[in-house]
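Pasting a structure here, questions to come.
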């Protein structure tokens, strides 16, 4: 009983606080305050998360690379005080970004050069509006939330193109072309990889999709979509497409620093650069949130008895886990070439996502199979996705293998 | 409500008109994207959420990318269109034709008494109902559209690829 | 393949022919990569002409780091230019020292004690480990990893550089070889530490190869990219791992047998395709062979002095004459050509830098590949701008 | 003026702007963009009549607009592929010069 009471309070605490503040306001402004508080809360929570994600990235990359990462920044008014493991680094970075000179090239298209970072941050923030952060925390409960998410997210590549073209820099222009080619290639598998979810859950509303994953077998085996053959394949396909959509390694071609210096960011400095940086992490967080919502059960606890932890904590925990996964991938993998990138999309990702859609259809048709038939269902579903994966993968890597070498005779 | 509609209309028409008058193709394309976003806002205003998101997804997410890609591939990004006398006469002709059509349409709209529904709130149509509509009475149209899209995609790929039989591709 | 196979070879009329045949001529994009570019390994510039992303013309531009090394050496004593040779290939000062010392010793007819010869082999092979570790690390950076393989390689490099510092007083500018031997004798502790390090080195190589050699993206990015034809490479004077990756067996340690190399049992790995992947694998395999050489050297290291007691340090004036001393440096054939007129300064001092000569076929390797590949190909050629520009 | 009339005015003006663009511009890309504008104008009409028409719950207007958007996507794909093909052929995209069927 006590646990249930704590649960219910923590669960609705954010809403209760918001309602308290709204009650306190005069009648005509209440709807405005109501929405403003939601917006400010999203900005505050994800702004803080954004501040610490690059720090986590640098720390984790440091650990992956036998070094420490940032650990020097302490409190500015305490000269020999504790270093706090570098936790104040984000604030030092923010001050630096704000005080740096903003350089705009003379030949640049000034208006577009200015608009690009503003647009990219705006659009990447818009995507947060529909994510269900908790059992009761849905900023905008749209009927077509999934469609909205992709609609809002699709405009970020436009901003990248604007940045690259407006800079009047050849590297930036090449980056703009790459960004366009990349988004044309990966928008399709990204959307197709989540269509099976829509098929199975029968809804475009993200909250309903989370609710559809909300039961446990024996109290500890969650019914998350990732634990089905088509769901697992869809999750991997989604992960790869999400990496490509958010321009992260190994798909960071528009800003490939060893080839194009910084790509579309070459001519940006100071706070505008920081805005791009911010948008990249916002986009990454939003896509993580979507992945968690669609495949990893959203705010659902993994076991029935762990439900006493508030749902929004589960959501944040899963999002942070996804972010750490993205960082790990960045610290490990090499970058693809642009033609390999598009070939991967069209010859591998798109066919696999379509096959996976058929797989989900099979899964939905065989929902009534129980007992030993359940095993058959799993086997067939696994075969439907694994066999094309192996065949397509073999075709994609045809003729390439590690070599053995001969030695000179003498 | 009407005030919001007027603002949205001004956005759509302003962006479209300036885009059609500009010389720089990239600026034109970007302004048209603004206009398409305005149309999406109009759909939202009218209560057609699904269509609004589809409009953004298709127009801003896909068609605009294709447009910009075409502009860059045909090297029109920096070269303004040259002004020639024939194009000026064409411009006048186009303006007269467009103005005439506009005059006729506006006159007709203003002179016609429309039987307007009194309810001000938008009719609610959930995604599920829309899906039922699509798969029910309009299933054949849906199939035809799917076929059209497939054929169009294949045709576009064939048109845009420059692989001629006598000239082997030399890019890796 | 041997030298006799090359008689039928006629040099091509120049690699830029393909750029002219290009149907899009006039719509090409010229990009100047460098001298301030993150991936040109120093102040180096590639003027790349692109059709889309494909390189149709590439012009290497260098000389930004020119320091007049050869002229300065002609105006200073023989020993006085030894520290300058450190700055040629600043990753491998031990081998540049040795090449110069070898040339002077040939000129003066100077003998070198056994212990010093062994020590030179030890230091040269450790330098090869340093150089090749750096190279594969930087190659992966060019391939787009976020520094992880580079820092793993640097971890091993730092251990060797620490040993160099303990021995010579400097991590990179060692200035260690002298005409007739080496400057100081290593302590038994140093030798034990170095031996331990070498014994542990294969573990690092295994770790590295497990992570990266069979990586699918690595294979896709390097196999079949930047193919260098063996005949063309020989005609252009390419040496070192780049040449051997094309399948041509030419290693000065075997060909000249300078120093005490004939006493060591090691093999020369050869590539078959001459692409970027082969050039990468040559480095890995050579490091494994270097470890073998080092283990034999530590086992057999004789006692005795490290410096010929009869060697003349002050007032060193070799007889009039000329000499060419060359070694297999980690990057290829590093040679010093000296003419003496009997004065304390060389009359003519000339360096044959492998980095510069290996760079000459960069365009040939890059044509038809994308701009991303050109960066990787440059990384696989292994240049140091201090040596290219001198 | 009723909202429906404003919507219709908007759509007719948008249609005419597209028409002027199609008739007066020489660049193939702008002509295609003008056609897209005209399609959008038609879609606005569909939505307006759905919203204020006699039978709003049928949703036929919305379905029509969805089909129209899909057709627009197909048109854009083929149209811009044509533009690129024309550019390959004559090195520019001025429509006055694209008067040969064979080359």
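Order of writing sets the labels: A, B, C and D. Residues in every chain begin at 1.
The working rule: contacts are C-beta pairs under 8 Å (C-beta built on N, C-alpha and C of every residue); 3 or more make two chains touch, one makes a residue touch a chain.
Everything quoted here is computed from the prediction, not taken from an experiment.
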Query raised in the report: Looking at the contacts, which chains touch subunit A and subunit D alike?
Result: B
Query raised in the report: Going by CA means, which chain is nearest the middle of everything shown?
Result: A
Query raised in the report: Counting in whole Å, what is the centre-to-centre distance of subunit A and subunit C, each centre being its mean C-alpha position?
Result: 44
Requested in this report: Take the average of all CA coordinates in subunit B, do the same for subunit D, and state the distance between these two points in whole angstrom.
Outcome: 5
**Report entry** subunit B and subunit C: spacing of chain centres that average the CA atoms, whole Å
**Finding:** 60
Report summary line: Taking each chain's mean CA coordinate, subunit C and subunit D are separated, in whole Å, by 63
Query raised in the report: Touching two or more other chains, which residues of subunit A qualify?
Result: 173, 339
Report summary line: subunit D touches at least 2 other chains through residues none
Requested in this report: At least two other chains touched by the same residue of subunit B: list those residues.
Outcome: 50, 54, 62, 66, 69, 75, 171-172
Query - Contact footprint of subunit A on subunit C as seen in their complex - result: 29-31, 37-39, 50, 53, 140-148, 151-152, 155, 213-221, 223, 249, 251, 254, 267-273, 277-278, 281, 285, 370-373, 375
Requested in this report: Would you tell me which residues of subunit D are touching subunit B in their complex?
Outcome: 2-10, 12-27, 29-30, 32-34, 36-37, 40, 43-44, 47-48, 50-54, 56-60, 62-63, 65-67, 69-78, 80-85, 87-88, 92-94, 96
Report summary line: Within the complex, subunit C is touched by subunit A residues 61, 64-67, 170-171, 173-174, 178, 249-250, 252, 256-261, 330-340, 397, 399-403, 405-410
Query raised in the report: In their shared complex, at which residues does subunit A touch subunit B?
Result: 112, 142-144, 147-148, 150-152, 154-155, 157-158, 161-162, 165, 173, 176-177, 180-181, 183-184, 187, 203-205, 339
Query raised in the report: Any idea which subunit B residues touch subunit A in the complex?
Result: 26, 30, 33, 49-50, 53-54, 56-57, 60-62, 64-66, 68-69, 72, 77, 126-128, 171-172
